[in-house]
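One structure below.
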Amino acid sequence: MHGDPLRKGRLGTGRPPALAEFLSSMEADRWIAEADILVDIAHLLMLRRQGIVGEEQATAVLRALVRMAEDGVPETAFDDRYEDIHAGIEAHLIAIAGADAGGRLHMGRSRNDEVATCLRIRLRQEMLLHMEAVTSLRAVLLRIAGDHTGSVMPGFTHLQHAQPTTLAHHLLGYEQAFTRDFERLRDAFARIDRCPLGAAAFASTGYPIDRAYAAGLLGFPALVENTMDAVSARDFALETLSAWAILMTTASRLCEELILWSSAFVDFVRLDDAYCSTSSIMPQKKNPDTAEILRAKTGGISGALVAALTCVKGLPMSYNRDLQDLTPHLWRAADTVGRCLPLLSGMLDTATFMTERMHEEAGRSNSTATDLADVLVRDFGLPFRTAHGIVGRAVRMGSLTLATLDAAAREMAGISLVGLGVTDAVVKRALDVTFSVTSRNQPGGPAPEATDAFISGHEEQLAADSRWVKETRGRIDTALSDLVHTAQDVVQ
Amino acid sequence: MHGDPLRKGRLGTGRPPALAEFLSSMEADRWIAEADILVDIAHLLMLRRQGIVGEEQATAVLRALVRMAEDGVPETAFDDRYEDIHAGIEAHLIAIAGADAGGRLHMGRSRNDEVATCLRIRLRQEMLLHMEAVTSLRAVLLRIAGDHTGSVMPGFTHLQHAQPTTLAHHLLGYEQAFTRDFERLRDAFARIDRCPLGAAAFASTGYPIDRAYAAGLLGFPALVENTMDAVSARDFALETLSAWAILMTTASRLCEELILWSSAFVDFVRLDDAYCSTSSIMPQKKNPDTAEILRAKTGGISGALVAALTCVKGLPMSYNRDLQDLTPHLWRAADTVGRCLPLLSGMLDTATFMTERMHEEAGRSNSTATDLADVLVRDFGLPFRTAHGIVGRAVRMGSLTLATLDAAAREMAGISLVGLGVTDAVVKRALDVTFSVTSRNQPGGPAPEATDAFISGHEEQLAADSRWVKETRGRIDTALSDLVHTAQDVVQ
Amino acid sequence: MHGDPLRKGRLGTGRPPALAEFLSSMEADRWIAEADILVDIAHLLMLRRQGIVGEEQATAVLRALVRMAEDGVPETAFDDRYEDIHAGIEAHLIAIAGADAGGRLHMGRSRNDEVATCLRIRLRQEMLLHMEAVTSLRAVLLRIAGDHTGSVMPGFTHLQHAQPTTLAHHLLGYEQAFTRDFERLRDAFARIDRCPLGAAAFASTGYPIDRAYAAGLLGFPALVENTMDAVSARDFALETLSAWAILMTTASRLCEELILWSSAFVDFVRLDDAYCSTSSIMPQKKNPDTAEILRAKTGGISGALVAALTCVKGLPMSYNRDLQDLTPHLWRAADTVGRCLPLLSGMLDTATFMTERMHEEAGRSNSTATDLADVLVRDFGLPFRTAHGIVGRAVRMGSLTLATLDAAAREMAGISLVGLGVTDAVVKRALDVTFSVTSRNQPGGPAPEATDAFISGHEEQLAADSRWVKETRGRIDTALSDLVHTAQDVVQ
Amino acid sequence: MHGDPLRKGRLGTGRPPALAEFLSSMEADRWIAEADILVDIAHLLMLRRQGIVGEEQATAVLRALVRMAEDGVPETAFDDRYEDIHAGIEAHLIAIAGADAGGRLHMGRSRNDEVATCLRIRLRQEMLLHMEAVTSLRAVLLRIAGDHTGSVMPGFTHLQHAQPTTLAHHLLGYEQAFTRDFERLRDAFARIDRCPLGAAAFASTGYPIDRAYAAGLLGFPALVENTMDAVSARDFALETLSAWAILMTTASRLCEELILWSSAFVDFVRLDDAYCSTSSIMPQKKNPDTAEILRAKTGGISGALVAALTCVKGLPMSYNRDLQDLTPHLWRAADTVGRCLPLLSGMLDTATFMTERMHEEAGRSNSTATDLADVLVRDFGLPFRTAHGIVGRAVRMGSLTLATLDAAAREMAGISLVGLGVTDAVVKRALDVTFSVTSRNQPGGPAPEATDAFISGHEEQLAADSRWVKETRGRIDTALSDLVHTAQDVVQ
């Protein structure tokens, strides 16, 4: 370790190792080391352009930075006796380019704006990965749904068989939910993608810096203008954590269903062996472990959100060291979400849906009773509530047959269904599962024509969303690669 | 209480009162009773237009609905022996229009899509109020900042005096943060403002309904298309709760500062008596109670978010009764946020800022040491880290004078500042607070020209945001008022 | 409303109604109004005994207090223009007994210690109710388990059929968990049951009060001694909320199972109609709504805990008004838990367990494969992992017969089970469900002798716990009733 | 990596690395590897004693286990292609002792009870460390308080100067709070310290195991009897996390005060340089970073609690893989608490309290106004509320002098204080800070005699608590060391 460049003036240098480790953000800073080099380069190119740092000194430092951009940050910079990666990198630069040149890099900025900029750069990258993963997941759902617009299954409310639907309809519900999750990530991204650099400690700087130029070099379309807010705001992290927590809540529901559907009772899906585990003592077991752990991970993201909200609550302006401790929760959550989404896609993509079992269950538990009531209303003129009451009573009597229905009608409403012209054939047709499903062809409904239309519409939306992610990534990658090239040109 | 129209068919009717009360959502349903009438009217106009309900029956029910729209929902409908307000209103309609007509209102829909629609209608309204309140708060902050672009005060990091800034700069940091909070509310609003009606229980319906027409009547620009998602999604509530939790976290920071600033130690602000309380035994006390309670309310919103996230986690499709228990948390939070924002605006608007005290503190604790180090770098060519180290050491020696600085320079870097031409006048000027503030005129910085520019820009943004809220409210109010007029025309 | 006795000296009196309502804790104070009268009486009897308040004045105020203890706090005292119930009651006392006498009641104490004492008195009462409810729930579980020590059912891990067990064994797992929940409530109770009265605003008082005497009058066995902690500590509330959150998490698991078991797939339980609802459009439905709402309530308690933790985080000493906003979360949670527990008991007590269905499922999915592997180890000397591997492979082949087992053994381990003497009869016996259950007679196991022993032990524990609750309630009730009698004697 | 012993029978073996890593608990399992060896030894000694495993095979496996107990678990066992450390260790044992012997270790148990036992063993150890750290912290607080029973300082409510107190009184408030935190840890410990081993997968086992004997070997005084609960309960973790969250909330309050007291405004404390940091650009700064990060860590613990509560909510019986994902939150929190407590002690122990500054502030802001009002009541017979009103009005007039008091008395109550005999000397004495403090000598009050008595009492309590921790640790350490010795004797 090189000497810590920060402490030697103001404070004594003795510090117990446990304390140094406690105060250091080094472990979490591995997430932002690369971004930090880019921020250093952008800031230095700006200082040089503005004439704040001389050509020679700028070149000396840029040379060391370009090497790190090319070869990676050296392991010595990660020594956790440094307070953070910024101190580690600065010590490295001073060792290579001399204290005079190396120190000048920190003119017109502070670690407070530096770290805020690094967080946003890395988080942008994570969010683009997540948005890609959500589009892949949506594609898988649309693909499976497209294969199963005719696969009849029971729909549930309160976990009770309710009305027949199709597997397509069921999965498209999730696709629609994940589309909103995508929208939320994109909205959060817009608020991440703003540049706090140049805010310095919080008070801006007397050096004639050019904030917009540096921001542009780093691919940011806008500034976080007010400098006090620029260093102390973490709402971009809170919003991102919220969007993840909601996304994972959606995922937890899907996983809950895959677990239920994998049970011997239901047997609607067989997950690929790779996603399952067996027992150490029960040799027959095949457990849906991946779905269970995914479901559990939801809690971890909610917990990270609570950690971050609690951390920020009641902090006065401007920067407080508390904010350092928010960051590990952010990266932990980013990592979790980044792992979970592709596994969820993969688990669905490789699953076998047991369409015969589904069909077998579709008509069970009087699931078409609503259709029967509807027929009594539509074709025989009964008031809705009366028809509903008669069918419900017949269910209570044990079955839905003309005999029980007629008895129920007499008891509940003093009328005879037979007298109204209801026949066995009428009852039978009304209770038919396929009739039930195909008749519900409203927008968003389960009938094949409705799900087909939905799929077409959402395939278009998905294509547009994928394009947006690709273009956004392209814009940022180009800016960052241009930045390094510019620096390489300077030092050659 | 009229008989519960729902239970008489399928289930026995005995139920202990404690259980009925437990299952009933009636208390929370007061929030949506008005919206429910509008949903009933829109649905019925659609059923009539589609020929699903005959003219005569439609008119009979519409008449009762119009009366409730005009005079309010009768108190009998809120009896908590009904499971919910939907059952209460239906019982009322049946009592007035007869079972035949009254029951038909529920053709082609269910309470599941009905309640989801009601929630979104009422939440739209709350969110518009909140957005208005945030624009008012921003206006207050911009107004006070405009009055104080020249009011010098200390800026803080780690609650330590850091560098001088201005009250304008400080408050504009909050204005910028609340602008992002506004953006988040607006983004959440867009996902609330979609219509689930016609999804029925989850499975859509066999009746030839027109979902888009009914949605339009209720002022919704789009559908929640997939019907399974339409009834089971509550991410709109989770997102809203998140946006509120983040907003209140921002507010908690401002309140923390008002509390600190009200202390005898700081005395930067005197809050209006109305916002304060005294002690029951200490007669001299004037306590910033409003700010304290506002700060505490942040926890309630985070808690409501956790309640809602926990509630939804792991729920299978489609509707589960758990969702009913999420709603009270939503309304409780809406109410809290709706109360807090105007009080925060009022507390700021009536506060007296003690600018002399602020100025007195602005230069304390060597707050311009950074400026001095910058001068050593800029005008005397010292490396940045060296200058930083020298000034830090001089502070440790007890004061920032030419003598201590020179001694520190000899010790730290083996150089003489006097030898480099540094004089008492140079040091004095570099440490001047006003020089320090006016020199930091970067975008977003504290110099008056920078804060003036910021205020101009944000006044424009604020005007645009206020316009958007007004237009959105206008669009919705017009739709809902047209809806009632249409119904009134039918029944006359 | 009488004039607010607190504000007239130090602060101006104008205050907008919205602000008065915001600052007032009156709504939540309904929970502590009765306790407040008792605290007033105890404090006054102590002041009188110590000669701090003269006989005549004490009697005048006591007379008014005794009337409120007998007839209830008058509705005028709840006017939310008072900051709290303490102010409301004081205003009432002054109106009746005169300013001179009424005001003296507040000598040697403050609202800070007063409210903390009231909270603890009421919370004690709630906790005793909850502990009684938990003992009732345990009694129901023990009763049902006692009826079903021979009711074989499948046990699950990962929601997969795992090994056969009994309904008794399953329910006793919950009984054991609720016993720990009881222990936690009792431990929290011990920390609630300490008296902060006499701490005054936080700094104790110069009046010669007798804290221990007043505490004893109120049934507290000990003081919260340090007076600064006495008024600012709310860890008793945080601990109680934690204990409730954990208890409700246990309950949520049981409710999840009742919901699963109510599904048509599983059909292990039929809940009484009273605890279920039907659908507004699907007449055949019988939904386990009570269990769903109970499950959802878990989130509300976790949310209340987060609200309270967030509220207290980072508050400096001593009393801050933030603490007022913690209390409504406490009462809301107390109310929820108090409602949920008896309903959970009632739902279980009235449920019908479908033992034939359970038995039918008990042997499904090769649930006795572990027993078979154990037999291969025990009786035929195979290594455990080898036996486990063979049985697992045979399951993969589709069935557990001598033929598949032998084939699996050849493939996995190159041995012949037939060669080792394994016969069809051996396999059949090893796979028998009843054999499987009765052989697992370890402490805590499913065999009838094990569950019988468990039930005996826990019935004793339950009796002891019930006795403790009864005695504790008796001790407190006696103290409080003695307190009122003493006051009545004084004023007669 | 040795082959995974678990999968080869039932499931195919291909699995993408990302998935294997996702499912593996290996990272968190480093916390329990040592405990796992002890559990293996105890289980094997029991199996041998019961004759379930033969002498020779037992010895072969024990030999390998003893080596790991002596030399540590080999790094190969931590390969994250194993699902967990249990699989890693089993693979190692099989490699050394052969499949036959190695496999037999898993007779009569499963990973479900194994991991639950390991968690409890390691958590016991962490909790003992935490309890020791809390006793050290209490000792530091008692020591500092003992030095400062005469150090007068202002006490605060609502962050306003309220009444004078002493530094001893202030710190003893925290000591008392941390004593309750200790009690909660001890109560949670009692529920951790029960043994689930022998529950097997959840259903107990048909082998004639002796659960009590194995539990005793591992130093557990009792069983978690019901085997279904034994493997699926995690309330011991939830309770521990709650106790930590509450403890850290207490710590966050103390840290908030150290931060406030370190500000230039207050300057009541100077923290040792080691616990502070400076700024990268503001050379004069000395920031209380350790206190800030400690304060922030509170959020992380609340977040871990929420993660765990969310994870467990709604899980059906018995073991679900979700539970694996709870554990990392537990260890992360254990680590945080274990680091924070000694640093908090150290920060306090090395801090310099600025008693002169405190004394200077003690009488500010009319902090003895309450005493003055009390004197008017006690010595001049004014009603309490009247005296309170008069003093409050005089404060509003600007000062507490005989003149303003007399004017206030005329205005508020139409009386003359001078007329009643109040003199300048009376007012002056009543306002004296030392008089104020020493007169408040109630139990728990600030007067030196009261704080001295408190310190004596709590030193005794602390000694008893320390003894309990030491004895408990001794009991467990002895058991575990006896366990290893027994195994060593067998294999020699």
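Going by the order they are written in, the chains are A, B, C and D; count residues from 1 in each one.
Just so we're on the same page, a contact is a pair of C-beta atoms (placed from the backbone, for glycine too) under 8 Å apart; a residue touches a chain by one contact, two chains touch by 3 or more.
All figures in this text were calculated on a predicted structure; none of them were measured in a lab.
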(message) Looking at C-D, A-C or B-C, which one is a repeat of the B-D interface (more than half the contact pairs shared)?
(response) A-C
(message) Of the chain pairs A-D and A-B, which one is connected by the greater count of C-beta contacts?
(response) A-B
(message) Centroid from C-alpha atoms only, then distance subunit A to subunit B, rounded to Å. What do you get?
(response) 23
(request) Let me have the rounded angstrom distance from the C-alpha centre of subunit A over to the C-alpha centre of subunit D, please. (result) 33
(request) Pull out every residue in subunit B that's touching 2 or more other chains. (result) 9-11, 106, 157-159, 162-163, 201, 260, 278-287, 289, 292, 295, 298-299, 302, 305-306, 309-310, 313-314, 320-321, 370, 388-392, 395
(request) Please name which positions on subunit C make contact with subunit B in the complex. (result) 6-7, 9-12, 14-16, 18-19, 22-23, 83, 86-87, 106, 109-111, 200-201, 273-287, 289-290, 292-293, 295-300, 302-311, 320-326, 329, 339-340, 342-343, 346
(message) If we count contacts the way the header does, which residues on subunit D are in touch with subunit B in the complex?
(response) 157-163, 259-260, 262-266, 278-289, 292, 306, 309-310, 313-314, 361, 364-367, 369-370, 373, 387-392, 395, 400
(message) Under the definition above, what is the set of subunit B residues touching subunit A in their complex?
(response) 5, 8-11, 90, 94, 99-107, 112, 155-159, 162-165, 169-170, 172-177, 180-181, 183-184, 187, 191, 198-199, 201-207, 209, 211-212, 223-230, 232-233, 235, 238-239, 242-243, 245-246, 249-250, 252-253, 255-257, 260, 295, 298-299, 302, 305-306, 309-310, 312-321, 370-371, 374, 377-378, 383-386, 388-393, 395-396, 408, 412, 436, 439-447, 450, 454, 457
